[in-house]
Structures are given as C-alpha cells and as structure tokens.
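Only one structure is covered here, and it is reproduced in the block below.
By letter and in written order, the chains are A, B, C and D; residue numbering begins at 1 in each of them.
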Amino acid sequence: MVGGGPGAFIGDVHRKAARLDGEIKIVAGAFDIDPAKSQQMGKELALGQDRIYDTYTEMIRQEIKLPESERIDFVAITTPNNWHFPIARDCLNAGFHVMCEKPMTLTSAEARQLAALVKKTGRVFGLMHNYTGYPMVKLAKDMVKKRDLGRIRKVVVQYPQGWLATALERTGSMQAGWRTDPKQSGAGGCVGDIGTHAANLAEYITGLNITHVCAELTTFVKGRKLDDDCNCLLKFNNGAKGVLHASQISIGEENNLAIWVHGDKGSLEWHQEHPNYLYTRAMDAPEKVWKRGNGYVAAYSAAAGRGTRLPFGHPEAFFEAFANNYRNFTETVKCVIKGEKPSALALDFPDVNDGVRGVLFIETVVASAQSRLKWTPMKK
Amino acid sequence: MVGGGPGAFIGDVHRKAARLDGEIKIVAGAFDIDPAKSQQMGKELALGQDRIYDTYTEMIRQEIKLPESERIDFVAITTPNNWHFPIARDCLNAGFHVMCEKPMTLTSAEARQLAALVKKTGRVFGLMHNYTGYPMVKLAKDMVKKRDLGRIRKVVVQYPQGWLATALERTGSMQAGWRTDPKQSGAGGCVGDIGTHAANLAEYITGLNITHVCAELTTFVKGRKLDDDCNCLLKFNNGAKGVLHASQISIGEENNLAIWVHGDKGSLEWHQEHPNYLYTRAMDAPEKVWKRGNGYVAAYSAAAGRGTRLPFGHPEAFFEAFANNYRNFTETVKCVIKGEKPSALALDFPDVNDGVRGVLFIETVVASAQSRLKWTPMKK
Amino acid sequence: MVGGGPGAFIGDVHRKAARLDGEIKIVAGAFDIDPAKSQQMGKELALGQDRIYDTYTEMIRQEIKLPESERIDFVAITTPNNWHFPIARDCLNAGFHVMCEKPMTLTSAEARQLAALVKKTGRVFGLMHNYTGYPMVKLAKDMVKKRDLGRIRKVVVQYPQGWLATALERTGSMQAGWRTDPKQSGAGGCVGDIGTHAANLAEYITGLNITHVCAELTTFVKGRKLDDDCNCLLKFNNGAKGVLHASQISIGEENNLAIWVHGDKGSLEWHQEHPNYLYTRAMDAPEKVWKRGNGYVAAYSAAAGRGTRLPFGHPEAFFEAFANNYRNFTETVKCVIKGEKPSALALDFPDVNDGVRGVLFIETVVASAQSRLKWTPMKK
Amino acid sequence: MVGGGPGAFIGDVHRKAARLDGEIKIVAGAFDIDPAKSQQMGKELALGQDRIYDTYTEMIRQEIKLPESERIDFVAITTPNNWHFPIARDCLNAGFHVMCEKPMTLTSAEARQLAALVKKTGRVFGLMHNYTGYPMVKLAKDMVKKRDLGRIRKVVVQYPQGWLATALERTGSMQAGWRTDPKQSGAGGCVGDIGTHAANLAEYITGLNITHVCAELTTFVKGRKLDDDCNCLLKFNNGAKGVLHASQISIGEENNLAIWVHGDKGSLEWHQEHPNYLYTRAMDAPEKVWKRGNGYVAAYSAAAGRGTRLPFGHPEAFFEAFANNYRNFTETVKCVIKGEKPSALALDFPDVNDGVRGVLFIETVVASAQSRLKWTPMKK
C-alpha cells in the first residue's frame, strides 16, 4: 500500500475493506510522505520491519527483488490525487497490479498514458469508484440492461455534502487541506472529489455515456482555490437528458449520493445513505421496494447476489461495497496470475477506462464552467 | 366561478377548498364553454337557475346589475390558461375581485396589462400558486427571513411527475389535452404547468429573485407539441445558485414538488407529498424535524400557525393549503370592501406580481432553451 | 349539531369535514352547555337566530315542529362522552338520524339501549370512528376480504400520543379536562379516548372480532383519575393473536395510530400520520407501496376509489377521511328518506354496532386490568 | 473457533467482523460436528493443518500444549445452542477466554454454573448480543444514563421477522432446522432466538431490569415444536411498563428490531434496519435526528464515538456493530493478559451476566405462557 498513513481516511477504509473477506493481507507499504509516519503506521499494522518503506520507489525496488511467492501481488494507491499517476505508472512498469483511488490522475493526458500502460503490461488495474460496489447498484444496472425500464429518457444524480461549508482547510484539517489544493487535487474541487462519483454512477447504472455537459462551478467559501459546488445539465449518447448536482457546502447533507433513472417503461431510485433498498416504479402499479439479501434479488441479478454477505434485514453498508470491488479485483488478479480468463462477474469493478472517463469528465466540466456556450462536448 | 365544469380537476378543488372554512359560498358561475355543461354543473351545485350562466361575459353583465349585497364578491377563474387573461381583465374592469389559476396569462404583455389593471382598479387579485399555502412552507419562509439559515447560497427545487409519460392526450384525456396544446397552454408545457410552481416556491421561501436561467426543454413523447421535461440552472439576485428540474415523464413520480435551501448557517428541506414536516440542519447538530400543528411552530411563525386547522399528528394536506390562500384572499377582499387596511398576514397570498413573474419565468425558460448561450437573463 | 362550542376541537372538525363536499349544511345547533356560548357559535356560523338553541332538548322540541323540508335531517353529537347517550336517545326518539362521536356511551347497558332504539326507530346512526374513513384503510380491508393475505395470524396495532405526559388538565386545558374526568369520559382514559380507535381499526380491517383481552392500564401522571397508558394482548375469533398499545404519555408521539396485519400469505402496514400509503409484503417478493389516488387502487377497491377526491401525489388527510364517513352516512340518510335501499358502499361507515363493540372493549379492558387472570373474555 | 462450518451463518459473521480491525486472527478451530467439514472449513481459512481439529475437546487438549505465544487466546463459540454450555465450560476450565453466541445455555442452571466459573477462573467471557454494539444504541444508553429522558415510563420493543412463516425446517434448511428443534435450541423458539435480543436491548439502553412478564407464545406453523410468535407485557424495576413482541411469521418483516423508550422528559426511537439514526423527542420541540459519525455524537457519548469507523454519511451496519463487541472484548482480554485493569469503555460488551439474564428471560416467558395468571415474576 502507498498512502494511508496516520490520520488518513481512505487508506484505513481500504485496509478494513480489504481484510473483510480474509483474502487480502497487507504485507508491505510506504504509508506516508514522512518516513517516520510511514514507520509508525507499518508498526501499527504489525508489518515486518523490512517491509515498511520510506518511499514508494524504494518499495517497488525492494519488493521486486523478493521471490514471487513472497512479494506483494498488487499495490493499493490511496495518496492525494497528484501522486496517483507516478505511483501507478511505476508500479505497472514494475509488473505489479494496481488498485488506485479516484480520480485516477490530474490530467487526461496522464490518464491516457496509464490506459496505454495497462494495455501494454497486461496488469490488472482497479479504480476505487466504490459506490458501484453496492449490490443494489448492481441490481439497478441489471434492470436497465434487461430493458425493464425501457429506453432511458432522464437521469437525475446528486451528491450533496456539507462538510466544507466553512473554511475547514484553514483549521489544519488534513482531509480538507489537500482536497482544496489544486496542486494535490487537480483542476476540480467538488467536481473532482464527488462529482466524478455521481457521473460514474450514472454511466455505470445506465450503460450510457455522457456526451455533453453544461456546467456551473462555484466557490462559495472565500479564499478557497477550487470549486465547492457543481451543477450540471447533461446529455447522454442515446438522447437522454440529465441533471447532476454536487456540493460540499450544503450544510447538513452528509454523503447523500442518490440517483433517479427514468425510462419510457419505468424508473428506479437509489440512495447511498440507505443502500440496502432500491425503489422501482412502473405505470399504474404500486411502487416496489427491493431489499438486499433476498432470494428475488439474487435471482434477478447474479452480480447483486454475489455482492451480498448478510441475509435480508441485517444491513450492509459502505465497507462491504468497497470490499466487493476488492473481491472482484482480487479474483481477476488471481486469474491473471494463474493465466485463466476472469469471468464477467469477476471483471465487474471500475477499471482504467473508468479512470480515463472520470478525468475527462472533470476536465469537461471545468471547461464548460468557463464557457459562455451552453453545451460543451465531452473531451475525448 | 368561471370554469370548473363537469370532469374538471382544479375547479372542483377550488370549490372544496373554498367551502372548507364556511366563509365562501358559490352563488353563480359559467362553468364550461359548453352551456349545457355549465347548466349541468350549476344544478349539481344547487345554484339558483338565474345564476347559472352560459358565458362569463353574460355572468359579468348580469351580476353587475344585482344589488351589491346579492351579487358575487369575487370571481374564481379555473379555465384552461388561454382564457385567464380576458376573463380576469373583464372581471377587474367590471369591479370584481379575482382569484385566478396559474399561469396568469399566456404572455408577459398580457400579464403586465393585468398588473396595471389591478393597480388602476384597486381590486384584489389572487393567483392560485397553491403550494405556498402550506403552513410548513410559510415556516420555511420565516426561517429564511429571520436569517436562521444565514446567507442563502444554493437552492435545489424539483417537480417531477410521470402522468404524461405516454401520449395520454391522444386517449381523450381532458387534463392531458389542453395541457399539451400550445393554444390553450401557451409556450410552456411542463415548464408552464409545474415548472412555474417550482420557481414560485423557490422565490417565495427565499425572498430572492431568479436573475438568470440556463434551460433545457425536451419533448420526449413523440408528436407532443410542448415540452414534457424541463431542466434548469439558476442564478439568484444575491449570488446564490440553483437547480430546478421538472418533468411530466418521470414514471412513478406523482406530484413530487420538493425544495432544499442551503445557507451559510444552515439548510432546510420540504416535500409537498409529505407537507406536514420541515427538516432543518445546522453545522454539527442533530437534524430537526418540525411538525405542523405544534406550539413551537406557531410560536416561530405566525403565518404557519394561522394556516393550521388541526392539531399535530392529525395530518393536513392539499385542500387546506389551497384553503389558506382562499382565506387570506377573502380576508383581504373583506378589508377592501370595508375600506380597511389588510394585515400583513392577510396579504400573504400570491398576487398579480407573482403572476407576472411566473409568465416571465416561462418566457425566459423557453428563450433560454432556444439559445446557444449558457445564461439568459430573466425577462423584465 | 349538539356540542362544538367555542374552543371545541372535534366539533369544528365535524363542521369542516361536513362542508367539504357541499352536501351538508348546518342549519341549527345547541353548541355549548353555556347558552351564551351556544349563541356565540351560532352567530359565527351565521345561523338564523331562531335556530340557535340553548339546550339540545329545546332544539329537538322546536325543530320537530318545523315542516319536514325545513327541519334538520340529522343531528351531529360532538359533546363530551357523558352526553352522547341522552342526546342520541332523544334524537332517535324524535325521529332524527344521528351522527355521534365515539365512544358512543359511558356504559354497555346504554350502548345496547341505543342499538335497540336504532333498530326500533329505523333511523340511521353513524359513529365517528373517523380513521376507517381513510381510503387506504378501505383498501386494506378489501385486501383481507379478498384473502390476499391468506389466513390472518397476527395483528399489531398502536396508538401512541404524548400530549398528556404532564398534568395538562390542571392548566385549564378544556381538551385535557374532560378527557381525564371519569364523570365525563367514563371508565376508560387512554383506552376510551384512543384505545377504542385502535381496536376498531383492527376489527374493521381484518373483519375479525376480538374475543379475549389481557390488559395493563397505568396512570403515570400523579393525581390523574383515569389511565393514560394502555397495553393489551389480544385474541381474535379465528385464532389470531394481537398486540394493542396506546398511550397519552409517549412524549413526541403525536397521533401515531398504525397497524400491521400478518396473514399466512402476506402482510400489510398502514400509518395514520402518512395515510396516503399502504405497504404490502409477500414471501420472497419486493415490498409494494400502494399510493392513494392511482387507478390501480380504485380498480382493486371500489370503496378506496370512492373515498378519494384528489389525484395521486396531491395528498389527502384527516378531514377527507372524516368527510368520507359523512358522505356515506349522508347518502344512506338520503336513501332512507327516499325509501330506497342504500348500497353496500354507502353503508360503509361505522354504526351503532361498532359503538356497542367499542364500549364493550373499554369495559373489558378495564375489567382485565383489574384481574389477576391473564385472559378476560370480551363482554357481550 | 468452535462451530461456523460450511453453510453456517453466524460463524461466518464472527470471522468477518473479527477480521475488520485487523487485531484478531483465526489460527485454530473445530468448525463442524462432522470432522470432514471441519477440515474443509479450516482449509478454506488457510489454517495450519495441525490447527484444524475434529472436535472441540481435541482442540482444547492440543492448544493448551502449545507455548503461550502460539496458542489461541480465546475461543469463539458459534455452534447451535445446546453446545454452548459444555464448550464454554471446558474452555474456561482450560484457561481460555470465551466469546459465546446467545442464548448462552439451554437452562438457567447451566447459565449460573458458567457465571460461577467465570468468576472462579477470572477469564473474560463475552456474549454476542451484537445489537448493543451499534453506536447509536450506545448513544441511546448514554442519553438515558444522563437523565435526558427523565424517569423512564414506558418501553416498546419489537423484533418481527417473517422467514419462518412456512415450515422451512422441513425443506432441509440448516438455519431453520436447529432453530425449531428444542433439543438444539432449548425451550424457546422465537423467544429464544430473537425475543432475548429485544429484552437485552431494552435492559441495555434503559439500565432497568425486567421484573415481571405476561407472555403469550404461539406456534402458527403446524407441526413446529417451538413457538414462532411471542407477545409480552413487561414490568420494570422502576415501575415502568413495557410491550415486547417478536415474531418469525410476520411475512415481509426482515430483521426489524426496534425500540421506543419514553421518559417523563423525552423519548427516543431506534431501528436496527436503519442503525445510523437515533430519533429523540421532547415536549413542544422539533424532533431531533442524531446521525452516526458526527462530532456532536462523539461529544455526547464516548462509547458511540469509539464504536464508529466511518465519517457521517458513509453508512455503517451489522458487521461493524459485531466488530465493536469484538474490539471491546479483545481489549479487555489484552488487559487481562497484561494484568491491567480494563477501562469502562473496554468493558462495554455483553458478558456472562447478560447471558444469565437472557436464559432467565426465556424461562420466565415460557413459564408465563403456560400460566393462567397475568404476571409471572422474572426467575432468579
């Protein structure tokens, strides 16, 4: 693992989620840009002293010398955004598989480089768009795929948060600090941190591509260098229309990613904060509430059934969605190691192409926000 | 009453709501463009035979001849949109007060004419933006006014419906028929029928004015002549940003008008389909659920308290919100008749200026939808 | 109308609900035990001076002298409980139809007398168990009737309130005063005021009879003379089991009547505070949410369809449920006046037999609460 | 670990939850009464061949021979109920700490024996009443403790499920099989499996003891040997009253444990299926919704804060509650090993005394269900 030092949020989530199924073991890491902190975290994790590294480059250099059965199989990258690219590039070049946090890189040029590198090296590349790991999201995707909603007409997707409603970054908050620093986060603030999740969720469930964006980015907190509010109109490649709004200044909103997909035969609704439920509606019929863990869910969607660890009524949540991405990624890595072809179900995790689209989305939104014209086509 | 013949929806609502408090009595009407139907409805309502009219012009002509104590005090206009203007104009000119359905007129030129006429005649003019009649909406307005949310930064308002997801207008549905006919509805379909309600609600609660619109109108049902889906980005006069989306093709959505208002100190949320609750949030504090009918609501907002007929837990709904507009309108009419000055609470009903703004909003959205530029300033 | 003087709660509700459909007109009344207050209310209602009476006996005496076309058709009784019996008896004897608040009488002996009198006089007797007037309750009843839930096994019904959690009756509150006074309320406090509603709802929906009760009554507020909390186990005549709990001291609960009915094929759930929704569940299938006003509701249940005034998404609530009872009662009265047989749909309102059962339920609960034995059979 | 063989539900949950924080490692086990299956599971878990045992007695015998640094620290018992007692007894006698599933034993005699043994051996004994591991349950407990609700008057606790609404045990279902077999489950069916959780939750949050029970047990599914439905009235040691109902035949209910606690100053409500929220209410004030992960929660309740791994809006669920019990248990074990005194926060996990009370509750309910008298005192 690279990143995830003391006080880091997402690195700790990666570790817990990776541990859940008992199939992944952290054996080495460069956890912090400060070597002392990296040592501290490595000790907390009870790693062997020789497997705690001061830098990721050292980690790569040393690990590669170990016998295959001992060395790390893959690297999880959970650093601030600006480090994703060089670390991922070097790991791939060294022959390691990679699980990378989003957004994948700071620029689409870098993103395309990584995509080419993945193709060239044949390594497995996972991108942690964790929200697509929820079983009810997978059920939703299968409903659209099976045409139960008919032709998709409209998508509304939102991701309001409120934690950056004040200048938290000036209080010493590590989380707020790098997220509002363009050097570490890239050109997008709110749009990069959470808007991409919303866009990814919409494309994942509908199987459609966003083709045009009309965006308004605002920085409400004085002195902040990046946007903290993002509102977009969208067009999709089948003619569907969309609304995407995300915010970091919506006080009291916690992590309220939610989506409504409307087709000409029916519609669906899902809320990340209540992830075990999927609501579907058709003309002149009672609304249906699909509940995770039931036989009828697994019967409808193998991916949803597979992504379920507990029976109905025993709620699952964020860690399990995360772990689902890890499980599919790991199974794919195992297949590649064994020279086998991974199943479609195993391949159901966000990959380098999702990473490219995510960075293109950010760049397009930023361009649109600066444009006087209504529609900006998605960059390619 | 003009309009509200057999099979009409909103005319019947007007009658029931107007009756609720026992202060309004329908004594005359021209209920349908078909005189036979007007007669039928008048008889159902047990009106005197001489007070059932074939046309509204006849009604005006005859009523004005009656002694003041017998003649109608005001006229409720519940016809399709295209009739609002001439009827309202003629009623005002004849000296009657008017309660008119929205949108007030087909064009802003007509709207301004009415505004001038109201000023000139001194008659009371009510516009039935019924959703602002809900007590919890009035509570929300007072919260913003008292600066409990701080400076408003962002407004999200939605009004999804699904009943026009198919070509219902081709099945003989009266409701669908006139709403999708530009001759009767004007230039806006979805935006005119329900988008205006959303815009009005946002302006009513926040006390702000929309200054710019970036709109996308779509007609999803083939052959339909007006838009059935409307998505907008908004700018407000204090720098706040907004998202407004409305739809008539969102299957399974019923009448899901809802609003989220975010300030720099807190936020609020309200849903028309669950109108007895208002949700408020502040930084680092539990969410609060305000429930209609409680002492603490009336203590905070006199307007909310006044708009309440039942104790907490005994739900109120659509009719009562409607009746609240009627009650305030009626009290104002009574004051004007007696030559008294109505109280601020009595004047709390949408009026001709809201009507003008509504028509301007429709025209601006239609113009924006046709523009290549992102932002279209609100027409004046 | 008898009762419903200045400051009264339920009398005002009766008037508003009765007005809604425009078919009922209040023409006479004895509104308060204080003649001055009766006069005051009569004037507020703009009644003719000669139709405002000082006492109900005077009202009966005078009204009966009027020609049939002018006199009142029925009497609505909305006094404290102790007056229900003598007024209803005298009205029936005078030949008037009666709509009476619940509980019908203070004792089952009186209740049986009234039942006999209704039979003898052939007058229409309505009992205002208003909660069965909700359309979704009628839908629930029809679901059980059509055996969609299979054989009923278990019923959980609750009615928690919190408004009497303190000694409100000692602050001069009229509502709290008579409800906690055994002379005016009878032997049951909480059980009489709201427990009966819960029992009535359970029997109405399931079509079953409660046969045995195991009850615990508690008075939590010191000095109060009647119970303010009521918990019961129930047995039904088909072998089903039940739980009924009601309370007036559950702080923050408003009027949270709710029911869960479980059969061997499925179950249903309904909440009075969110009355437009009915939830149904079957084995291994998504939950269904039935929403008032939809075609599929009316297609399933004619009673539910008939009890609906607004389209889906335009919420209806307490007044409309009340008005539904009035509408069916009125239609039945009209039939009786015309000598016609009322339809089954018109007869769908609580009547004198429900009144008898309600009083028997109260007496049985009070007896059970005093018994050392677990089960007390329902009195007959 | 003893139990948790192939196909077992709760054993797998124990493993995943125990792994989450990376502090517990399964190194040995006797996973199934069938040695082949035990071997199979041990291999799946990648245990050393010599640490997979055919029987728990063998496990104890062998492990005890290992050096302290290598041998197991504690034993997790996840077998059917009838095995809990002998295994726990033998483990304690051998000097191992124990984490045991509930109910602790089949009889109160055995339960008391275990309690004595824990006292005598000084070993740490955890009982997996997992629902008290939820942070919002801990917040609720602290609210009662700080007297924010005043004196507790009434508790309503429910635990409806529907999965045993048919004779699932005759279809070969392992989960249904042992749960409906008195030899493996003891005298209580529904009451033993889930009723105890409800009772434990009520006592945990309120800090009160149930003193009297009035119970009705029913077996709705023909041929079933144990109750599948359980309804109780309760009395608590401070005079509070209660209602507890649990069911395995409530179709569509999944795992709907929920509790309402009413005091004379306020009340609270919590639902296991939506565990991240706690609702509180006071007189004449808006309802408050407390949301897991916020600073104000941790500031109010150190136990709730400590039991939280993710920030607000990133939902936590069943596994994390389970893991909280493991974490506190483990920290206590570590302290005991080091000879230190565990903190009050570390000791916040259900222990052998909760186990005793649970078995006494089951025995009391079964006795009450057979009694003609209303109240049966809790066995001691």
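In this text, a residue touches a chain if its C-beta (ideal position, glycine included) is under 8 Å from a C-beta of that chain, and two chains touch if they have at least 3 such contacts.
As the structure is a prediction and not an experimental result, all values here were calculated from the model.
**Student:** Using the stated contact rule, I'd like to know whether A-C or A-D comes out ahead in C-beta pair count.
**Tutor:** A-D
**Student:** In terms of CA centroid distance, which chain is the most far removed from chain B?
**Tutor:** D
**Student:** What is the distance in Å between the mean C-alpha positions of chain A and chain B?
**Tutor:** 43
**Student:** Please work out the Cα centroid separation of chain A and chain C, and write it as a whole number of Å.
**Tutor:** Inter-chain centre distance comes to 55 Å.
**Student:** Roughly how far is chain A from chain D, going centre to centre by Cα mean, in whole Å?
**Tutor:** The separation of the two C-alpha centroids amounts to 35 Å.
**Student:** In chain C, what residues contact two or more other chains?
**Tutor:** In chain C, the residues touching two or more other chains are 253, 280, 287, 291.
**Student:** Quick one: which bits of chain B touch chain C in the complex? Just the residue numbers, please.
**Tutor:** Answer in residue numbers: 9, 12-13, 15-16, 19-22, 45, 161, 163, 253-256, 272-276, 291, 293, 309-320.
**Student:** Within their complex, state which residues of chain A touch chain B.
**Tutor:** Going through chain A, the ones touching chain B are 153-154, 156, 158, 160, 162, 165-166, 214, 216, 218, 220, 229, 231, 233, 241-243, 245, 247, 249-253, 260, 262-267, 280-283, 287, 371-374.
**Student:** Spell out the residues on chain D that touch chain B in their complex, using ranges where they run on.
**Tutor:** Spelled out, the residues of chain D in touch with chain B are 280, 284-291, 294-296.
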